[in-house]
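Both of the next two complexes hold chain A, though its partner changes from chain B to chain C.
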Partner chain A sequence: MATTDGDSATASQRLDKDTRETLVTAVRHTILLTWSFIVLFPLYWLASMSLKPPGTANSLPPDWIFLPTVYNYIQLFQDSGFVEAFANSLIMVSASVVLVLLIGVPAAYVLSRYDIPMERDVLVWILSSRMLPPIAVVLPFFIIFRELNLFDTRIGMVLMYVSINLSLVVWVMKAFFDGIPETLEEAARVDGATQFQGFRKVVLPAAKPGIFSVAIISFIFAWIELLFGLVLTSFEAVPVTLFVYSFIGSRSIEWGMLAAASTAMIVPVVIFLIAVNKYLAAGLSFGVVIKE
Partner chain B sequence: MARITIDDVTKRFGDEEESIVAVDDVSLDIRDGEFIVFVGPSGSGKSTLMRIVAGLETQTEGDIHIGDDLVNQLGPRARDIAMVFQNYALYPNMTVEENMSFGLKMSTDMSDDEIEEAVTSAAEMMDIDMLLDDRPGELSGGQQQRVALGRAIVRDPNVFLMDEPLSNLDAKLRAEMRTEINRLQNDLDVTTLYVTHDQTEAMTMGDRLVVLNYGELQQVGTPLECFYRPANQFVAGFLGSPSMNFFEGAVEGGTLRADGFDFDLTEQMQSAVGSRNELVLGIRPEDMTLHDRANSGHEFEAVVDVVEPMGSISYVYLQARSQSHDQTFIVETDGQRPISEGQHVYVEIPDEDVHLFDPASGETIHQRQLGEDAELALEEQMKPAE
Partner chain C sequence: MSTPTQTETTSKSTFARLRDLWNDYLPYWFMAPMVAVMVMITFFPGAYDLYLSLIAEPTLDIFAADFVGLQNFETAFTRGGAIHSFVITITVVVSALLLETVLGFVLAALVAGVGSDRTKSFYRVLFIIPMAVAPVSLATIGRIMLNSEIGIIPYVINTGTPFAAPNFLSDIPLLTVILLDAWNWTPFMFIIFYAGLSSVPKTLIEASRVDGAPMWRRYVHVIIPYMKPVVFVATLIRLIDLFRTFGVVYGLTGGGPGTATQLVSINIYEQMFINNQITVAAAIAIVYLVLVVALCNIIIAKVGFEGVWD
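Up next is the complex of A and B:
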């Protein structure tokens, strides 16, 4: 009898434990689902607005069930202004990301590896470019751009984006290089590589997760930039953000078109994210870097 | 393979006025195929000296020759060396095979097939041939260590440099790898410099030890020579575990009056001591004996402070009963001997096992005696080899 009692006691305990685990899982999932809903709802709202027929996009109460139409998208892509602005932004932002990496990554490497006089000051000086709110520097930039014939040029906007992102790239990459043991380069030099080969073949690949992380962040920062585009361009170098902004008129807002353009704007960022996703995961874990 | 000559090498870090001397006027001749261990506490300059030989640091003064070449101006790539780092420094983005072939690709004209063959045979030698496609991040510490060694071996260099390569391994693996490196060095017969702060590694691995402290050369000699014939108090205290016990005292008419006991100096000791008033007596824990009762003149009474049973032996921490300062010394006893804290025992210091040091300079003024055979063997080792 005693044995049976013991068995049933353990069984009920096990049941208790199982129930508790199920409960914890259920709560965890509820929290995550709620969070996902909060995060994704605006995106859903945007996408659904872009797929609604003209005039119903902003109707109240909202039409939860409607016949989706790609009318807004067709309108959008028939507008040469949008296509041009979209292409402009893609070219300018991509070029700025390449340029900011070409300048920022070697700069960060040098700051990490060499004894630079007043290194701390140099780093703060680099960061100081981001210490003022953009609105405070936009007028001086406007005057400088006009004087240098950079106003309303793609090159001007590329330089602008580089200046926005450079401090981020230098600071993040310096921290990343600091985490890569210097013995790696020494091993490469002992193995017969020159200092530059050591950097290119050993350090740079080890820093790939960091490089892709700052690349995607730089891309997003430049891609969503509006203020400088508003002041420093007029026709030729208009970025897509400015074009989207133009749907907000003084008297009416074209909600359907605005939503379609905004949804289209998300696409390049998502593609870029998916492409470098593998490295981003590694960049967060630092798993590939040798333990000290 | 090559001999290495280090000539009056000094390395200072920092500005002229506030410079730190990491290596202080070190001269050393390393024979072709010799296994040399640089040993010393942290900050002794042993790693810096090795890095100077590697070309990763430039000496402030002095010359380095590898083979017949003066290499002062040459970078590491021109010195034909291979190095194993403390943290292994495996390239994280490359597979084990790529790690091992990197050096050959960088420094030789070998064809891809030749490189593959060399890598495969080195990998077999290190028993890592099944790991060739893995990345360092997927390997255990011991495996990474083997890959790092394999990467050095495959280069077939003039000189192996190893900078504390075993210090990140657990005790068991460390003992295994110690034997392995010894075996490899014997097989390959390549001049090897090995840096360690671990005196067990130093004693068991090298043909000769180079003992350093504060950047200064303390002694160069075979492990047994440094152990039994230490040049000074630092070497005597650094080698051996637990460390040698030191007792300071004043000399009064042939007797050393230490804190808590007197020790009668033999005639031989007295003549070595000369006119010195102060002395340091050194004796290893394994050479002292404990008695329950006093039965000759040389014992003194002590109280057991702590007992550390190690199994076959025990380390007994003692304090002389009549000492005026708090000083503890260690005696090694049979593990089966019953002994407990607070117990009173009599400690004997055998004359023949005593070292005497000059307290000011630390220099050894009297060495212990050895058995006849041991003495002969040591003399054989100490003969300058050609």
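Up next is the complex of A and C:
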């Protein structure tokens, strides 16, 4: 008797547990699918708008089914400043990433391997550069760049983009170097390599994933930046964000072309993000979260 | 790596001497460019903002300027709308930070609990995508979808529900800005929290499960305390970046209607380029800069290094 009782109790408990678990799973996926929809719908809407024939882009009720056309993209690439701005951004942002790596990675190596006096204060100082509101930073540079003839030049913009990302590169790369055992370089030193050779031939290759991901994250932060372009460029060095903004500002907005420009700006970054998704948490948390 | 003696040095070629100089002082060479750039982007703007905020107007020879004391600050905070813009900024920063932290954590916990690994990584990759959208592009999307005449969202609300859609850009602009920022940057919180959750030891979770504790208590008493450093870092960095907000608001409302969404950064920009009062702009900028840097440094000093950077 007692055993049957016990059995039925566990059986009903198990059933209870099973239904509960099903319920939890159902709720979980409902929420996750809802959020997926919230994430995807605006992007779908933007992309579909960019592919609609002119004049129908914003008709309501919306044409859910339409014949996609690349008309807006052809317009965009032919007779606006889009190609120029896109190329500008690509060149300036890439150059800034190379430069920020050249400046930041060696410094991160030293911060990781040597006993620096007041190391913690130095690190917080470096992080402080990120805390400075860009509008407060750009104001003096607006004046100085005019004096130095750097106003509306790609070089000036590259320097500003470096300023956004240097703290990120130093912090993330220091964390990556901390994770690379020092015995690796010591072995190389025993074999007669100089410190620099040890860094270049042993440590850097081991830190490749870190460098790759921090490069892409830096690229993204510079790519999406509007304010520096708005203040420091007017014609020659206009970045793609400013181009999109000036589209919004124009009196009669061509919605289809605006959607096309925005889509063209987003797509490469989505690909980049997915490429580094494994290291994204480490990079975005300034190297504090390394495991995933 | 001993320093070469005098005789050795003189007998060596210039190239070899340079190489020795390079190798012997390697840490200095490695640090120097970073320190130089850091000085340029931290001390210089601060000092120059301060200088500009104290003078009547910028002159070619910086020593020829007229110092006017705190007059620019007075103008900024009495007539320049600076106080209003600080209130707006704090509202946006605090609400967006709270919303993004809670949403990011809930989503991360939900995804971490998904059974199949494939579904898990599907959600993980999907949920980071909004970060690829530049704030100014997000403003574009907002203008397209929320426009009261051509927007799909007001249209759906008006036709599909018994409610009348508000005008998102003029009736509730601040809320719209906060929600758009949350769409853009909740992924940032999500991905860091997700990584943090994945690093919670399985044994810890199982031990609490054996106790029969309900799920929410497992989170409150076991998982969140373990994740404290991750939560701290994610919110700190998001806080820092929220103070930088500009593009989404400038593109969406331009600070308006009126001054309803005029963040400090937009106020400074307008003082500078619309009112042509660069010294007043500098006065607001130096106050903003000092407040933000002080706040972040206090947070770091108070809670920062314990268990995070040690």
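Going forward, the second predicted complex is superposed on the first by the 225 of 292 C-alpha atoms of A that agree within 3 Å, B and C clash if a C-alpha of one lies under 4 Å from a C-alpha of the other, contacts with A are read in each partner's own complex, and residues count from 1 in each chain.
By definition in this document, contacts are C-beta pairs under 8 Å (C-beta built on N, C-alpha and C of every residue); 3 or more make two chains touch, one makes a residue touch a chain.
This structure is a prediction, so every number in the text was calculated from the model and none was measured.
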Notebook entry, point to check: If you stack the two complexes on chain A, which partner ends up touching A:Ile248: first (chain B), second (chain C), both, or neither?
Noted result: second
Check: With the two structures laid over each other on chain A, which partner does A:Ile135 touch: chain B (first), chain C (second), both, or neither?
Finding: second
Margin query: Tell me the contact category for A:Thr194 with respect to chain B and chain C: first, second, both or neither.
Written below: both
Check: Of the partners chain B and chain C, which touch A:Met265 in the superposed model: first, second, both, neither?
Finding: second
Check: Can A:Met118 be said to touch chain B (first), chain C (second), both, or neither?
Finding: neither
Notebook entry, point to check: Touch check for A:Val202: first (chain B), second (chain C), both, or neither?
Noted result: first
Item checked: Partner touching more residues of chain A, whether chain B or chain C -> C
Next item on the list: Report for A:Leu184: first if it touches chain B alone, second if chain C alone, otherwise both or neither.
Entry: first
Note to self: Going by the contact definition given at the top, which residues of chain A touch chain B in one complex and chain C in the other?
What the structure shows: 194, 288-289, 291-292
Checklist line | Interfacial residue positions of chain B with respect to chain A in the complex | finding: 54-56, 75-77, 81-83, 85-94, 102-103, 106-108, 135-137, 144, 151, 155, 161
Next item on the list: Using the touch rule from the top, collect the residues of chain A that touch chain C in their complex.
Entry: 25, 28, 31-32, 35-36, 38-40, 42-43, 45-46, 49, 58, 60-62, 102-104, 106-107, 109-111, 114, 120, 123-137, 139-144, 162-163, 166, 170, 194-196, 220, 223-227, 230-231, 241, 244-245, 247-248, 253, 255, 258-259, 262, 265-266, 269-270, 272-274, 277, 280-282, 284-286, 288-289, 291-292
Margin query: Please output the residues of chain A touching chain B within their complex, sorted ascending.
Written below: 181, 183-184, 186-194, 197, 201-202, 205-206, 208, 287-292
Next item on the list: Could you pull out which chain C residues touch chain A in their complex?
Entry: 1, 22-23, 26-27, 29-31, 33-35, 37-38, 40-42, 44-46, 48-49, 52, 58, 106-107, 110-111, 113-115, 123-137, 139-141, 143-145, 147, 150, 152, 155, 159, 183, 188, 191-192, 194-196, 198-199, 229-230, 233-234, 237, 240-241, 243-244, 246-247, 250-251, 264-265, 268-269, 272-273, 278, 281-282, 285-286, 288-289, 292-293, 296-297, 300, 305, 308-309
